[in-house]
């Protein structure tokens, strides 16, 4: 069993990262192993901002959004020289393995670091739910409920005014958040990067439904589809119906994590620590078919997740 | 394909029942099938409070807690004579199949009705997450987050006063809600009906940790274990630490459903309607290993779900 | 005492309008007076969408955002001919007085209608808290808490990334929402239309504080100051610190009203109904120095409210 | 001007205490004055747990419930000998004045300490809103909204089952929380210590309204009236209607403070610090008729606040 490991968060933060980090720390301590926290991701690693943690270090954080370890961008980590430098810093602390919590980009960095010989276990921390091999990523459920809360509020005012509301949510390549929010929020249309749409047809249908007495419509747009401001403008012009646009932005990244994000992040954190301590490496822990699974780190970062077509169909049937 | 079906909610209400009913109605209509709503469960069925529904009937309800169809207890449904009466009423409306959303008791009623020849498809609607064969029941995620919100608030005040807080949550036979809330809320101890505990040992440990500087502890108790008021009193006396008790009660049953409860309830509602229309019967739709599955109705009501021992272990490791 | 009155919501909707309308209806009924609801504001008035209400009409709405009566724009109401037409419609129903809930524009319409002889009592319904003569408008407290919830979430992610967050909130002429949200949310800077600011100086100070270790800053911008997107871009360029922008938009108008908005809207609704029934007219009820007060309708729409300089000072002292 | 002051929270914690303490600290620092924090109230004072604070000490706390300073009971402070001891400890730190945030009991302690010559300024921190001379106490608005959130949830499930829900809320001598929650939550009955009630009459009316088709009723009970469990049992027996009881307990004390509680606590904190620095003493700052006012400390603790009869009347009119 390893004698000393480290934990780091990297890339965009997501709610539940603290719960995952807490589980890694407490599991290591429970097993009698030393555990370090690396502050502000790869940047902090290079600047040697590395501190030993105890059980108290992670108390009172499971309910907090963000990450107590901080995170930062670090473009210079793409250079091998830099990574070798980082490796030396880790070794100087006696760190024999590293858990990285982050999205695709962060896990790719981890994969490169593992090529130099540092054992790495990854955890999928991103609100986009776009990590290949896992049905779940840490933070996605919280972000989804934050969006839903916004839709609940938008519905009130849209209904009062007989308006169309266009809501832009996060998701550059992946429409999961938009599609789930659309189904849960009772949206009429959901525009995602994975599915083609015909805005003229949508506008015709919207016009018909308003002529038939509909009081409001909500259109959810994943940011990868294009600017909601532009799409809203076009819908307003083509339908002649009063149309308003909301861009939620970084509000989606914050907030106290939901129960699901706390429990699943805790489960994944525990498994990551145990696997690393027992000599496993180059894997990402995710949840697949309801169970915690280990995914090959290279596979995970080199494949793209697709959107479940069942969700697309369901959204269509239920909005009628 | 059937030509006319009905939808009913029964037993204790749970958040997401409206989303499930909406999905049943809209799916039936999408397939060109007539759909009736039965008000106030088996009681309303016997009183012939049965109304045809259209798409508009279920608009603007996906975000609402409770059930727009109402629910009620109906002990007389245990008599076969009464059920035969009910069957005639359904047949008079031309109803050829029935979707029932409810917990174990309600599904048992459905099972008996199906014995008389009425095709029945069940959906597990209960916050307790105690339906055999399904990892998920409609409303459990919302109830869990409601409990978590209470724990967040209790932690503030417990910490300010260095108190022990004992929180009683629902779950007569099943500790799922308590265990998940305990893990997600960072509770020190979780008492559930499925696992033995030693209150003397717990009190000793609590005393030691307060002597070592701990500022607060949260103990979650499933109602099936016994009265939290009594347990709290005993803890207070044995430890000498100021201990307070909260009994959340029916607050846990209400509230706007979470995204998970809305989406999963919608998925299950669609599958239930499609299966019933296509001649299936005597099944309950649940979610197992991340997928929608059909469970035999008799199996579902005759077996008892057990608590995942992994959760019990995880709760223990992370609270250290 | 009048024998028959009507209630209408107009202009932008705000949370609490339902509570106010409910209070008007129930007070009138309590006094034995007939009460009508006019749907969709002045537009619905002209289209004679006017329905008699009973106690049941307003049950289960106090907790809802938006307005069950609907609201709409009606530019043609600016013409006297149109208003005379409206008057006839009201008189045909036997309506002897009208309570209007809305902002400055809606109350101005009411003032013009009163010039034709229809007794009018107004209630200030707008999230902007910009009605002269009243410290309070219906919906402002809910909107403020919605903004605060967004700031809580933004703080998590800003802190994780050491970012500056620029948040645009509503308020074209009035910085009340921005200033209160800034104080309550612990923002570093609040830009409002009423107070000059020096963006260069702000950027210098931000840079200094980040150099000294600050982990995040929040800058709240009232929409009347200019586009938060532009301001955020400038701050990012001048400071060299990663800066992100959120535009909350219509989310601010929705949501279940807070306790304050429900109670104060109920108080104001009762007073409005009683005053109208007893022959008063051409007044707006507001809250001043903690008490319900009647403000002259013409004064209210012809004066501009100013921002309390104490708030401006307080924001400055506490952000240090 | 004084050169060194201290800040302390005492008695039951309430949301917004952190905002008030932050304002005291930052105002003192802004004025160039040294400021100490006393941990865990009078108990910590006697144990000399007193630490100098800086601006950073109170950053990132305005949004937190509870009190970062902690609070505790200290019965021995009733003895003059003990208070003289405390005075010496304060003087040893060079503390020339003290701001105390707490309820009646805590302010009484402050009053006795001031009799020994230590300048004291109090702030009303209690969710009960029962401090004489002030319309407002720190935390009351947050507690009220927490109760309202529970009522929103209870309404869902009560309506689904046609139940009566009896909800016990805090308030031993003062029915303010119960009365406001009743009005805002649309409760049918509110039982408070200040107003007599006839349970037989209430039960008759409830029975009549259910016979006429009512789907649910909510009865709010202030704890000072008696046990909600007993009252609920009696209502259930007398009406024959299914009746359930919820006792919210300490959940009401926690939670992130509302905008109102943060802003008003900040205002009061600033005024308290400025007054103390400028030689004022023996006063409590509260809010009266919308303005910050200074109340004589002895008057405040020796008088009892009464419940506004207008609220009682309003509750009655609107529930019809």
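Chains: A, B, C and D, in written order; residue numbering restarts at 1 for each.
Just so we're on the same page, a residue touches a chain if its C-beta (ideal position, glycine included) is under 8 Å from a C-beta of that chain, and two chains touch if they have at least 3 such contacts.
Composition by chain, UniProt nomenclature: A, B, C, D = ATP-dependent 6-phosphofructokinase.
Because the structure is predicted, anything quoted here is derived from the model rather than measured.
Sharing over half of its contact pairs with B-D by residue number, the repeated interface among A-B, C-D or A-C is A-C.
Averaging Cα coordinates per chain places subunit A and subunit B 28 Å apart.
Subunit B and subunit C have Cα centroids separated by 39 Å. The geometric centre of subunit A is 35 Å away from that of subunit C, both derived from CA atoms. Contact of a single residue of subunit D with at least two other chains is seen at positions 152, 155, 159. The set of touching chain pairs reads A-B, A-C, B-D, C-D, using the touch definition from the header. Residues of subunit A touching subunit C in their complex: 9, 12-13, 15, 40, 64-67, 70-73, 146, 150, 152-162, 165, 215, 242, 244-255. On the side of subunit A, the complex with subunit B involves touching residues 19, 22-23, 26-27, 29-30, 55, 59-60, 62-63, 135, 141, 144-145, 147-148, 152, 155, 159, 180-181, 183-186, 256, 258-260, 262-263, 266-267, 270, 287-291, 310, 314, 317-318, 320.
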